[in-house]
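The letters A, B, C, D, E and F name the chains in turn, as written, and every chain counts its residues from 1.
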C-alpha cells in the first residue's frame, strides 16, 4: 500500500492493525556510462512497492536524494549534506510517529547513506534519551536494510556476476533498473565492453578525488553484464529478502 | 527527460544545449476522504514528466515531502519544518549548479510550500549577495510555478467546478490524480456526496486548530465532482501552461 | 502603548484585558536616491504607534532589519538571511507567549519579508503540531499585514500616484516617511525628476542582478511625487486600515 | 547621521571618508516597577544618536532585542537565545562589511549581551581565520562599549547615587530614560520608596530562579532616586565618553 | 609526539616532514559494573600515545566525549548529539588543515562513533565538493580505525576470551584500561562472576530501551576475565596494528 | 574522583551524596616558543584532578579544545567556533543533568573561552526559561572559574613574576605545565631570553591580525621566568583557591 495513493482514513485504518512502515531511501547520482542517475532510488522503490503490495505494508514516498557528495564531479548527481539528510529523516519520522507509527524500516539503495542514516537514528533516539522528543511521540525504532543485502540477492549476484559485480554501478543494481525501466534500459545499455572492463577500486574522499580515481564513475564493476532478465530474478529475491527482514523487525521484542 | 532515467553522459550532453531544469515539488498530506495523501506531489510530477517528455527538458526527481505542519492532525501527513525544507532546496540547487545548471524551475503542487520556497530562494541568493556561495557556483535563478496557476487550468476549473473547486483537496487536483492513477482513483472515489457538500473555509494555524476547523480535511471544496476525464483535460492544460512559463523563464534576460 | 515605554506591572495589567500585540517589522535597505534606508521599518513603526496609542494596544519594539539580500548591492542595506529572521521571530513570539500573549499581529513594511515571515509562522506552528513547543506556551496565532494593503491606503495611492506608485521606493512609502520625518525628508527630496521618471520593472534575484536591472534602486516608481502632505493622509488611512484588521484578527474564532 | 534616515547615495558618500559605524544594541526586558521595559535599548540609542549627530558618525538602527532569558519571568521581557543573537550580529556585520564598513562599534545598553556579543565577534573573526568569510568582505574589527562604562558617567553615578546605583534597573539608566522620554517617565516614576529600598543582590540563573531572588525585578538598586535632571547630565557625559572611545577605536592601528 | 606537549615551533618543524596526525576519539559512557566510564576514550588514547611516541607521529588531544545516547540511562554517561559531534570534527579538522595537515587518522575507541564520524567526514568532503571549504584549506583525507580492529588484537581476544569477549564492556577493552590504570583497575575489578556471566545481546535503540535490555550495561561480555596482563599484550598488539594502518594511510596514493 | 576512572555504580553512589561536578575546560593553542600547545587544557586539568582527589569531588573529562580562533595563525592551534562550543556544553550538561547532577563548575584555563561559556550557560538557562528543556532535566546552575583567578595564585604571580606575568603564554601558566610535565618542560624551556623580553600588548581580532601584532604568540609576558618550582606553588594555591570557590558554589542558596 503506497502512502501516496492512500487516503487519510485508509491510513487511519491501517494503523489499527500495524505500527510499521517502509521508507524507501536512495540517492540521485551517476552510475557510470550505462546506469541511470536514479539507480539507487529506483531500486529500493521497486522492491518496497513489491513488498508493500504483496504484504499489505504501508510504503512511504521515496526519499530520492541522499548523501552523494563524492559523485558531484559527474553531471546530474545531487547530494544532501549529512546534516541536511539528518534533518529530513528527523522530520519524516517525527511526523509519522505523531500518527502512531512506531517502527520505521528504511529500505536503502545507497551505501553512502548508511552512516548518515545511522547518525540520524541516533539523533532521533537522543531526543528520547534527553527528554526533548515531542510530547506526542511514542517510543520509536528505526532500521536500515539494503535491498541487496539479503541471501537471495547475494546468491544471484554471486552466480551471475561473481567478481564483476563491483561496488558502485554494480551489475546487479543496473540489472534491477533495466528490469524496472526496460525501455530506458534498452537505450542506455552498452553493446560493447567498457574500458577497462572491470572498473578500478579504491577509497572514497571528495568529488574531485573520486573522479580522478574512477574516471567513468564505476567502482570495480562490469555493468555491461547487466540484463533485465537478471533484474527480474533480483527483484523477486529482494522482495523476499526484505519481507523477511521487515517481519523480523516488527516481531522484535 | 527524467534525470533519474538518464546517464551522466546524457546529462553532460544536455547541459551543452540547456542550462534549465524542472524540479517537481509537492507534499505528503491528507487530501480529504477521497483524495490521495500524495496528491500534491503526484500532480506536479505528472505535469513535469509531460513537459519534460514533450519538450526534451530535464526533470529532477520529485521532492515529495514539503511543508505541511497544519495537516499533521490527519494520519499519513508528513511535514518538513520550514528550515529543513530550506536546507533541502539549498543542497539540491547547489549540487545541480555545480554541474552548470543555472535556471531552476520548481513546479509546485502545494500552496503551503510557496512561502518556504521563496525563503529558500532568498537564502540561495543571499549566498551570492554575501559572497559565500561555492566558488564553483554560477549565477543562479529560481522560479516557482504552481501547476494550477496557468490560464488553461483555471478556465477548466471555472467551467467544470466553479465554486466547488475549493482551496484544499480541490476538485481539480483530485481529478488530476484520478487521471494519473485511475485504479486507485476508482477505489477511493466516493459514490455519495460528502457532508457538508462544500467544506468550510477559514484561516490556517497549527494542526490541532486545523482539524477543529476542517474536520474531514477539505477546505472549501467538493472533490466528489472530480473525475479522471476532467483530470485528463487538466493534465493537457497544465502541461501547456507550464511549458509556456518554463520557456519564458529560460528566455528571460 | 509602546512596550518599550511600559513597566512590567503595566504589561501584566494589559494582559488581563487583552492577549494581542502588534509587532512592527521592516527592513533596512536602499529606497532609491530620495528615500530613506529605513523606509520599510519607519513606515510600519509610525502606523503601529498610531494604532497603539489610539486603541490602547501594546506595540512591541520594531524589528528594523529584515530579509533584504537583493538590496545588498547598494550601500547601507542590511539583510538577515531567511533562516536568521525565522530564528528571531521564533524567539520573539516564544518569549511573549510565555507571558500569555496569544495573538501576534506583525505590521509589516517590506514585501521581501512576507515569505520568510510566513515560513517563520509555520516553524512556530510546527512546534505545536509536533509537540515540541515550550510546555509553558499557550496556543498561538500569527498574522502578517502590510501597512499599505488596506483599502484606505490603496485608494489614496490610486488617486494621487496612479501608475507612478511603483513597487519599490514607492511614492506612498516615501511620502509616509516624509510625513514622519519632515526635516530629513526636506533634505533628501529631489527638486528634479529622476531619470528615467518611472523606474524599470522586473524580477528579483541576487544583489548583483538587482543592481544591474534597477540602477538607482527604484522599481517602477516615481518617488519625486512623494510629499509629507500625502504622507499625512496615508498615515491616517493606514492606521484606520490596520486597526480594522487587528480587531478582526483578535475577534477571530 | 542615522542610517535609517539616510539615502544610499549619502551612505556611499560617507564611506568615502569613514569606515566606521555605531550600532546601538540593547534589550527588551523588565526594569523593575519604575523602569521601562525598553530601558536597555533606549539608553544606547539616545547616546548613539547624540554621538552620531555631533560627530557626523553613521548610526545603524538599534538592535532592540538582546539576550535576556533571565528576565522572562516578568511580563514584557523578550529574549533572543544566544545562538540567535550571534546569527543576527553576523548578518548585520557581514551586510555592512560588504559595503566597505570595517570597524563596528556596538554601543551596548545591557550587561546580559556582553558575553554573547563577544562570542559573536569571535564567530565573525573565525570566518576570517578559517577562510570562510564572504569573498567580498574586508578585514573587520568589532568593539563593544557600554554606555555607562566611561569615566564621565561613572563619576556622576558615584556622586548622585553612590551605593543606590545597583546593577539592574539602576538609578542611572532609569534617569537617562526619564530624560529621553519625560512624559512616560512622569507616568511611571514612583512617588514613594520601593520596598525594600535597595533591592537584593545575587547570582543570575534562569527566569524562575531570578524572580525568586529578585521579586520586583531590580538588583541592588534604588531607582526611585532617578530623575530626568540627572538623566540629562548622564546623557552629556555618556556622549562624551563614547565619542572618545569611538575615536580611539577608529584610530587604532 | 603529543600536540598538547609540543610548542608551535615544534609543530611547524613537524609539518615540514609529515602531513599526518592521529586524533584519538572515544566516549564517556558506562562500561558495566567493572569497567571505567572513560574506557572508550582511555583505550585509543593509550594506543595513540604509544604509536606517537614510537613513530614520532603527532597525536592530537583526545576527543573524550562521543555519541553515546543509548548509555544515558546509566549515571556518568555523556553524549554529544550526532550533529554536535559532526560540528566538533569539522572545526577540529578545519583548524588543523589550515596549518597544512592533510591526513587525519581518527583512532577510535567506541563503536557508537563510527557512523557519526563517517557522516562528519562526508560533511567535510562536501565542503570541498561544493566549493565552500575555507580558501586556505588543502585537500584533506580522513580515516577511522578502531584500536581493536587489527589482526594482532583480534588474535589475542580470540585466544584469551573467545566467546566471552562480547560487544560492549568487552573483556579486551576492560583489560587495556586495567593495564593503563592499574590502581583504579584493582579497585573496580570484581572478585566474583557477574550475573549472568555472559551479558545478553540485542539491538540498540534509545537509553530507556537499552537499560531494559542490558540491565547492568554490558552486552554479551564477561569482563571479569579482564586483566592488566592481557591488557599489556593488547596494548602492544594494538600499537603495532595501528602503526601499520597509519603508515598505509599516509602512503596511500 | 575522575569520572573517566569510575564505574557507573560508583557514579550512582556519588550522586546520593552530591549534585556537583567539576568540568575542566581549556584550549589547544600556541603558547609562545616555550609553552605547550596544550597549556590551557593541562592547567585546569591538573588543578581539577587535585581538587577532585583531595575533596572527593567528581571530575568530568577535560574539554581540551576551546574557542581559539585568534591563534589559528600558529601551527597546532585548534578552535571550535563559538556556536560549536555552545553545542558541546549544552550536550555535556544536559547529559549529566539527566543523571541528577545540578551544579556544574567549569574550571577554565583559557580567557578566550569565558564569553562563549557564558553564552552557553544562557542558552542552557533559556531552555528552562522557555520551557524547552528535557522533561527529565532538574534545575541547573553553571559556574565558570579560572584556575588563576583566586587570591592564592594571584599573590604568587605578583610576588614572583610581577609585570612579567603578561596575559598570554603567561609565566604562571607555563610554570604550572612545567610542574605537571617536567620532562617536556625541560625540553622546551628556553635557556635564553626571548626577544623582546616582554611581549607586546594589544587588542585581539582575527588570526592574521593576531600574528601581525604578536609575532611569536606571547602577549605581554616573559615566560622564560617560568619554572617547575613556581609551578608547584601555583598548583597548591590553585587547588586551594578552586576548592574554596567550588564549595561556595555548592553551598549557594
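Everything that follows uses one rule, which is that a contact is a pair of C-beta atoms (placed from the backbone, for glycine too) under 8 Å apart; a residue touches a chain by one contact, two chains touch by 3 or more.
None of these values were measured; they are calculated from a predicted model.
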Under the document's definition of touching, what chains do chain B and chain E have as common neighbours?
A, D
Pair exhibiting more inter-chain C-beta contacts, B-D or B-C
B-C
So what's the Cα centroid distance for chain A and chain F, whole Å?
47
Whole-Å gap separating chain D and chain F, where each centre is the average of the chain's CA atoms:
30
Distance from the mean Cα position of chain E to that of chain C, given in whole angstrom
54
For chain C, write out the residues touching at least two other chains, lowest number first.
72, 79, 81, 83, 95, 98, 129-130, 132, 135
Chains touch one another in the pairs A-B, A-C, A-E, A-F, B-C, B-D, B-E, C-D, C-F, D-E, D-F, E-F
Complex interface listing, chain E residues touching chain A
67, 69-70, 72-73, 79, 81-83, 86, 112, 114-120, 122-123, 125-126, 128-130, 139-141, 203, 205-209, 252
Under the stated contact criterion, what part of chain E meets chain B in this complex?
129-132, 135
Give every residue of chain E touching chain F within the complex, in rising order.
2-12, 15, 28, 30-38, 41-42, 60-65, 72, 74-81, 83-84, 87-88, 90-92, 95-96, 98-100, 181, 184, 188, 217
Chain C partner, complex, touching residues on chain A are 94-95, 98, 132-137
